[in-house]
Each structure stands twice: as structure tokens, then as C-alpha cells.
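Presented below is the structure to which this report refers.
Read from first to last, the chains carry the letters A, B, C and D; within each, the first residue is number 1.
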Amino acid sequence: MDKTAGFEVSGVRIGGKEPIIIAGPCTVESEEQTLTVARAVKAAGIKVLRGGAFKPRTSPYSFQGLGEEGLKILKTARDETGLLIQTEVMDARQIDLVCRYADILQIGTRNMMNYSLLKAVGEVRFPVMLKRGFMAKVEELLLAAEYIIKGGNERVFLCERGIRSFDDSTRFTLDLAAVPLIKKLSALPIVVDPSHATGRADLIIPMSLAALAAGADGVMVEVHPWPKKALCDGLQSLSLDMFGEFVKKVSAMIQFLASHNQEQ
Amino acid sequence: MDKTAGFEVSGVRIGGKEPIIIAGPCTVESEEQTLTVARAVKAAGIKVLRGGAFKPRTSPYSFQGLGEEGLKILKTARDETGLLIQTEVMDARQIDLVCRYADILQIGTRNMMNYSLLKAVGEVRFPVMLKRGFMAKVEELLLAAEYIIKGGNERVFLCERGIRSFDDSTRFTLDLAAVPLIKKLSALPIVVDPSHATGRADLIIPMSLAALAAGADGVMVEVHPWPKKALCDGLQSLSLDMFGEFVKKVSAMIQFLASHNQEQ
Amino acid sequence: MDKTAGFEVSGVRIGGKEPIIIAGPCTVESEEQTLTVARAVKAAGIKVLRGGAFKPRTSPYSFQGLGEEGLKILKTARDETGLLIQTEVMDARQIDLVCRYADILQIGTRNMMNYSLLKAVGEVRFPVMLKRGFMAKVEELLLAAEYIIKGGNERVFLCERGIRSFDDSTRFTLDLAAVPLIKKLSALPIVVDPSHATGRADLIIPMSLAALAAGADGVMVEVHPWPKKALCDGLQSLSLDMFGEFVKKVSAMIQFLASHNQEQ
Amino acid sequence: MDKTAGFEVSGVRIGGKEPIIIAGPCTVESEEQTLTVARAVKAAGIKVLRGGAFKPRTSPYSFQGLGEEGLKILKTARDETGLLIQTEVMDARQIDLVCRYADILQIGTRNMMNYSLLKAVGEVRFPVMLKRGFMAKVEELLLAAEYIIKGGNERVFLCERGIRSFDDSTRFTLDLAAVPLIKKLSALPIVVDPSHATGRADLIIPMSLAALAAGADGVMVEVHPWPKKALCDGLQSLSLDMFGEFVKKVSAMIQFLASHNQEQ
């Protein structure tokens, strides 16, 4: 892989030689919760903090996220730690607002085929992580990315986060074969989100290692200081202890893959 | 079923005693094409014309619809025939524009989980047909409808249009059991779209009859005067000849079901 | 459709002008249970009784059927009522035994790709109902039937019984579009089993009507005198009361379709 | 993991500390083809040769395998190389025959729910690899294994080989999260077959590495000396060159995982 592959976001290369880790709470719930996670993420040497302020929820009666208040909390975390902030945008009318607080825009799985949003995001000059729709074929994901790129915004990376299948043993079915397949079809970086895919904290470490071994450009995981009290997705969030183990094992795998690829 | 079930749109009852038929081209391509279909629809005694001006296409390089020009053509068809106009809205910023031309808003399958759009549509006082996402469970469809209703817009009806499965014998898998199931779970009317579900013109008549027999409040079908020249979805569009046969058979089934239910 | 289409089993035509009804308990549990259902089936003017003696169960610790004792109970029911007996064969080594008691062999959904069994069944001269595998494409079902026909056993009919999808609102997803599709691809008769497909007794009547409207050559339903006490599939079995309503509505639909097709 | 976990087959431990590799042609086509592969497998330090003599094919008109002649070729390969032989059994009536030639019985994906076969295999004292049905949930796979174990045959290991989903980008969807999940639910060893899962030779190496990183007890791959001339599954077979690269990369990963686990 070319050292200059991928693209830079404020000094952090996505899709370059070294895989990236993105970590943080599913949802920004409070300043205390977010800062606690942000400090652990920073201490682990990770560069990007994820956290949702606008949340697409299946039911209108579920917690919908803190909105702009959540964005402000993320900014506080950035000011303190220097971490890059990645957060979801659900609506073209939110883009300006979110761009004032975030470093990377995230398009969620339910909006991968929201072509109006993709076009709008293509008009800004802001890096975008596009999650695969849980109902999208690989080709449809690549064409969705084209909607953004066609607008002139070329800093797009993809995220495999599980697809729907008949098997409910895990929340979704993580389609890791999509990773090397996309590497053959496209130059876009691709990261993997085992948290949403499996819905189980105890499967995140093995599936993160598998994702990297399959050639992913990074992994994104959910971390929560108090998973049992999480407002959203607590079962699939790493506790701070598990996050420590995750960082250790993932770092060893990254190091192995780097040295192994160098030899060849 | 109660005579006063469902709701009225300019004198047409949706979800009432008599099933409704919605017909028209997938995409508004030209005035000639749209008016030719509209006249056939009107002549068949049907009340609602469908046609897309804004088209959510998988590829940004495919024809994206005529936009406002398409809406104007639909208005011409309404002025001539008196048909109600149903057309898709893809973006909250389009709602005002579309409401100036249409009688019924349509939310497409790819936007069923676009909660920003659902909320925005909940704020207008305009009837809405919400298509089931092709990867949405029945419960998720009902909760998506709640996003609209919660905003105060109660004139919502649903559309079963096929879900994704492993079997590619038909374009999607028409889930007709969702019809009687939704009748047990909700008071919302539900119609069936066999055109998108099967992707094959030659399956539309049997599946329309099946939908009505299963208890659907109506069927929606695509009609094109020259299917082989259609810019979109030609293979699944009824020609005018097939449309004639469709109307004859569907009318007989509707009459049978009405007389049979009366007897009981 | 040709009057002489399909084939005869002891005077009962399958795939002919008139759709067939097959009814009975999921599992033969006792003589009392089976005879109670058989008498109700006979009284309704139905010609074929279904009932399982060998049961393919997901767990080895579940009730596996009464085996030959169950076959004897079915024979008692035949001797009393004159109904044809349809029952499942799971193993090539059981074929001779089952043929001594049954009139129609049934291959279950889990064995549709058990090609050794299909070949073995192709070697006898006995009518066979082949259920679609719940993960089989339409083409695979037709090719599975070829395994039987290639052996020289041409009295095969198919059964659509629902496929697996991501949606667990119903037990399986009944793929009714497969019915008219198979009519276009093959001369084999096809019936529909809404009991296993939906897993809910309250959806059986609408889905039976839909199946017939879609052009099915028959429907197969589960009936149990005491559904709440059933050893298997109680939730999806019609009680005797519901069965009465089923017969009435299905008969009216069959009559409508016959008169309507005659007119044309 | 316990050094004494898993079980032994003629001195080869399955499910022990070190992952196992199983390699060979999809189908035994000729002595030359099979011996060519067997020698390459032996030279790579691998212990188990796979190859099909009885082939479950979707169409009765496809090549069905060489039958006993194929078994004899496998025996020749064993006599020359000392490799253990793993081959599929499709029918209870074949078990005695296959046991005369093989060291490990394989139950194929289409027979995972062929409970008669599972019971019959439970009655012999012969190791069995049970492939997950491409339509089976994880729980159903574990219960299928119970059918074998209940008979007293405890040397069972599982194989994840991809499940069916809506996405046809790869032949099946490899469900790697099933690997750590099964590790939590069961003591049975589990290997991964990326050849059938992806259907693409160029994805086998990354998915093998991913499988091992996820904790699999081994990988099974198809190798063919002349993939373009293969009678079955040529597109997904590794050529001898690719097999060399596979062995090198997989060995490095196994070594890394062993040293890394030791450290902890």
C-alpha cells in the first residue's frame, strides 16, 4: 500500500499505511460521560473521538440525542484533548451547524440511500465517513460514495457495520469479506464497526482483530464509562477496562501486520 | 370494516370500504408520456395518478428525474383529468414545492428511516403514503409512521413494496403476510405495490389479486405507454394493453370481495 | 389451464382445474386427535389428510414423532374416512415403510437439498409433495424436483411454505410471487402452506385466499382440535372453529375464481 | 485455551492450541489432480487433505462426483503422503463405505438439517466435521451437532462456511462473528471455509487471516492445480502459486497469535 494513500484530516492520515482507531460513546449523554471517555481515548494514543449528538432512532419516542448541546460537549472534549471529533449529520439543514463543531462528518447506516443528504455533503469540503446501509450491497455503497465525490468532496471513507440477515444471534451480520472486496474495487479507505455489527461487547475484540487481519484501514468502537447506564447501545459498548484490553490487543495486531507487510 | 375507516383526500377515501387503485408511470418523462397514461387511468375509473419527478437512484450517474418540470407536467395531467396526484418527496427542503403541485406526498423505500424527512412531513397537513423500507421489519414501518403522526399529520397510509431476501428470482420479495398482520397491529390503511416488488410486468396481475384477497386497502401499479422505451423500470411497467386486463381482473376481485364481505 | 393438467392420485386431481385443499395436524399425536381432525376434514368435503409421523426437529431433545405408530393411526383415519394420506419421509430407508401407509409422500423443507433422498424417492412410483427449502431460490426448487423426475417419478408437486428473511414478524416470509413465477417456468403444480410460513393461526385465512388469487393449485393448512395442547406448532394451527370459517371463505374464493376464469 | 482441548485424530489435534489447516480439491477429479494437490499440501506441512467423492449438486444434470472411485483415489493419496483424508458423506447408506477410506467424515451445508444422517453419523465412532447450513442460525448449528453427540460420537467439529444474505457480491456472506460467539456457547472446535463463503480465490487469504484472528481453530481451503479446468468451483480454488502465498501468510499469523497469547 502506498504511503501516500488515503487522505489527511488535520494531520491524521485515514487510509494510509497505519490503520486508524476511532472510539467514543454511541451517544453524547453528558459532559462527564464524554470527557471521561475522551480522556481514556486520548491516553490510549488514539486520534479520533466519535460521539452522536443527533441520533436516528427507530422510535420517535426514544431519546433523540442532545442536538447542539451535544455538539458543544464534543467541542469541549476537543478543546481539552486535541482529539478530532467525528459525529453524525442526519439532515442537509444541519450540515453548517455540525461543521462548526466537528472534524469528520458521519453519515449513518439509515441514511446511506438518502441521496439528498449525500449530495449536500458533497458540496462541503469536509471529510465524511459513510456507513454502509444495513440493506446495501457493496456496489450500492460504492455508488452512494460517488454521490459525495461527484459534488467535489473527495475525502470520503467507508464503514462496514454489519448487514441484516436471517440470523439474530448477533445484532447484524458483520460482512468482513466486503473489506478485501472493496480494496479490489475502489481506492476509498474502509474501516469496520464491530460494535453495531455484533451488538455484544464481548465480541468486539476478536472482530476488531479480524477486521484488521482482513485488511481494514481501521476500526471504530463504542466505549462507555458506565455501559449499564448508557441511554443507547449499552450492551455493545466497551467498558473502560475492556477498552484497555482492546487497545493492547489491537496495537499488537497492527504492529504485527506492519512488520509482516514490510518484510514482503 | 367500518365505512368511515381511513381518511379522505379531496373526496377519495383511502382505507375505506372499497380498495383504491393508484396507477401511473414510475417516472414523469414527458408531457406526452404522462398525459397518455393519465387519460388511460382516468378512463379506467381510477382516482389517483402516481408519477415521480424527484427520483432516488442508486447511481448518481442515472437519470435523476425532471424535478420541478416533472411536477408541472403532473399538474397539467391533473388539470385535464381531475386525477389526484401522488409524487415522491426526497428532502425536507422540497416539501413546500411538492405540496404546490401534489395531492399526496410519497416517502420512498430508501427514505423510510430518514427520520428528519419524516419529522418534516409530519409538520405539514398533507396526506402521505409511506413506503416500507426494503429492509424494514413491520414494527419499524409502524414506528416510522409514528414519526409523521407525532407531528400532527394523521393522514398517513402505508405501502408494502417488497423486502430484500436471498432470492433474486424476483426483484424483491413481496411480503403479503404483512398486510393482514398490519391490519391487526394498526388502524393505518395499507396498499401494495407489486410493480417494484416483483420487477416483472407479467407478475403484477396475480400479485395484485393476491394483495386484495389478503385484505389490502389498495394496489399501486406502474403503467407506461411504451415500456421498452421507459427511462426507469420499464420491465416492471404494465403496457396499456396489460393495464386494461389488470383493471378488468382487479375490478372483478374487488366486486367479489365486497359482495362476499357483505353477506357475512 | 388444461382440464387434464396435473395428475391423479386415486381419483383426486392435483394441478387440475380445481384447487386442492390439504389439511390435518402438524404431528400425529394420538388416535383421538387424528380422527377428530380427519372427520372434520372429511365433513368439509376435503380429500387429503396431512399428518406427520416422522418429524424433523431442530433439537434432538424435542418430540421426534410417533414413527410407525403414527403411520398406523393415519391408516386408521384413512380406513374410516376414505381420505388420502400425505405424510413426510425423512430418510431413504423409510420409504418402503411409509409407502405401505401413505398415498402421497412429503419431502420437508429441511430435506429439499437432501439429494440422496430425492433420488431415492425418484425411484418409487408414488406421488410426492416437495416443499421448498426455506433458503432455496425458485430455480433450486425446480432443480430439486428434477432429481425426482429424472428417476422416472413424474407425479411431483411443489409447496411454497415461506422463506427466511430478516423480518421475524412472521415465522417465515411467504413468497407468494413464487407461485405465478413457477407457473411460467414449469408445468408442476404448486400449493401453498400458510401455516408454516406465517406461524400464526390468525393469518392463515387471508394468506390462503391470497395464495389462491395468485394462482396456486391448492393450499395446505394445519388443523388441531386443541391447538393449545399441541405437541408441535400449536400457535399456527387452526382450531376446528377457525377451520370451519377457513373452509367457507376458501370455497367461496375457489368458486369465484372458477366462474371468473370460465367467463374469459 | 487448554492444551488438551479438542480431540485427536490419528495424532492430529483438532481444537487444540494450534489451529489446523485443511486443504485439497473441491472434488476428486482424477488421480493426477488429487496427487498433485496432495503432494503440495504435504510439502506445506499440512496434515489433512480434503476432497469430495460424493457431491451434492444443485442440478441432477451436473457432475455428481466419482463416488467410490474417488474414495480410492483419496486412499492412494493417503498411502503416498500419510495425510489424513476428510470427505463428505451424503447418505446414511454410504457411511460404512466412506469409513473404509476416510479419516474424517464431512457433513455438507445442505445436509446440516438432515437429521436422519446426523443420527446415523452419531452411531459410528469416527470424527465428523459438520458444516453450518447456509440457512442455519448459530443455535441451530449447535443443536445439529447435538444430534451427533447424543448418539455417542463426541469427536465433532464445526465449520462456518458462509450464510445466505441479500448481497450477492460474494457467493455467501462469511459470518466470522459466529466464531467467537460459538467459542462462548460451546466447547466444540470451529474452523472456517473461506473458499465456499466468498466464491473468489482472491479473497481467501485475507479471510483466512481474519478467521484466525477471530479465534478460529483452523481454516479449510480449496486448492486445484488447474483452477480454470476444475469440474466444480474453479473460481474459488487457490492455484498452487496462491496456495504457497496462503501457507506463508497463514503460518505467520498462526505464529503471531501463538506468541501473543503466550505472553498474556
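The rule is simple: a contact is a pair of C-beta atoms (placed from the backbone, for glycine too) under 8 Å apart; a residue touches a chain by one contact, two chains touch by 3 or more.
Every value quoted in this text rests on a predicted model; they were computed, and no experiment measured them.
J.: Are the interface residues of chain A and chain B largely the same numbers on each copy, more than half shared, or largely different?
T.: Copies use mostly the same positions to touch.
J.: From the centre of chain C, which chain's CA centre is farthest?
T.: Looking at centroid distances, A is the chain farthest away.
J.: On Cα atoms, by how many degrees is chain A rotated relative to chain D, nearest 5?
T.: 180
J.: Roughly how far is chain B from chain C, centre to centre by C-alpha average, rounded to an integer in Å?
T.: Going by mean C-alpha positions, chain B sits 34 Å from chain C.
J.: Got the chain A residues that touch at least 2 other chains?
T.: Touching at least two other chains: 135, 164-166, 168.
J.: What residues of chain C sit close enough to touch chain A in their complex?
T.: 135, 164-166, 168
J.: Write out the stretch or stretches of chain D touching chain C in their complex.
T.: Where chain D meets chain C, its residues are 56-61, 90-94, 110-111, 113-117, 119, 133-135, 140, 143, 146-147, 150, 164.
J.: In their shared complex, at which residues does chain A touch chain D?
T.: Spelled out, the residues of chain A in touch with chain D are 135, 137-139, 163-170, 173-181, 184, 194, 197-198, 200, 202-203, 206-207, 209-215, 249, 252-253, 256, 260.
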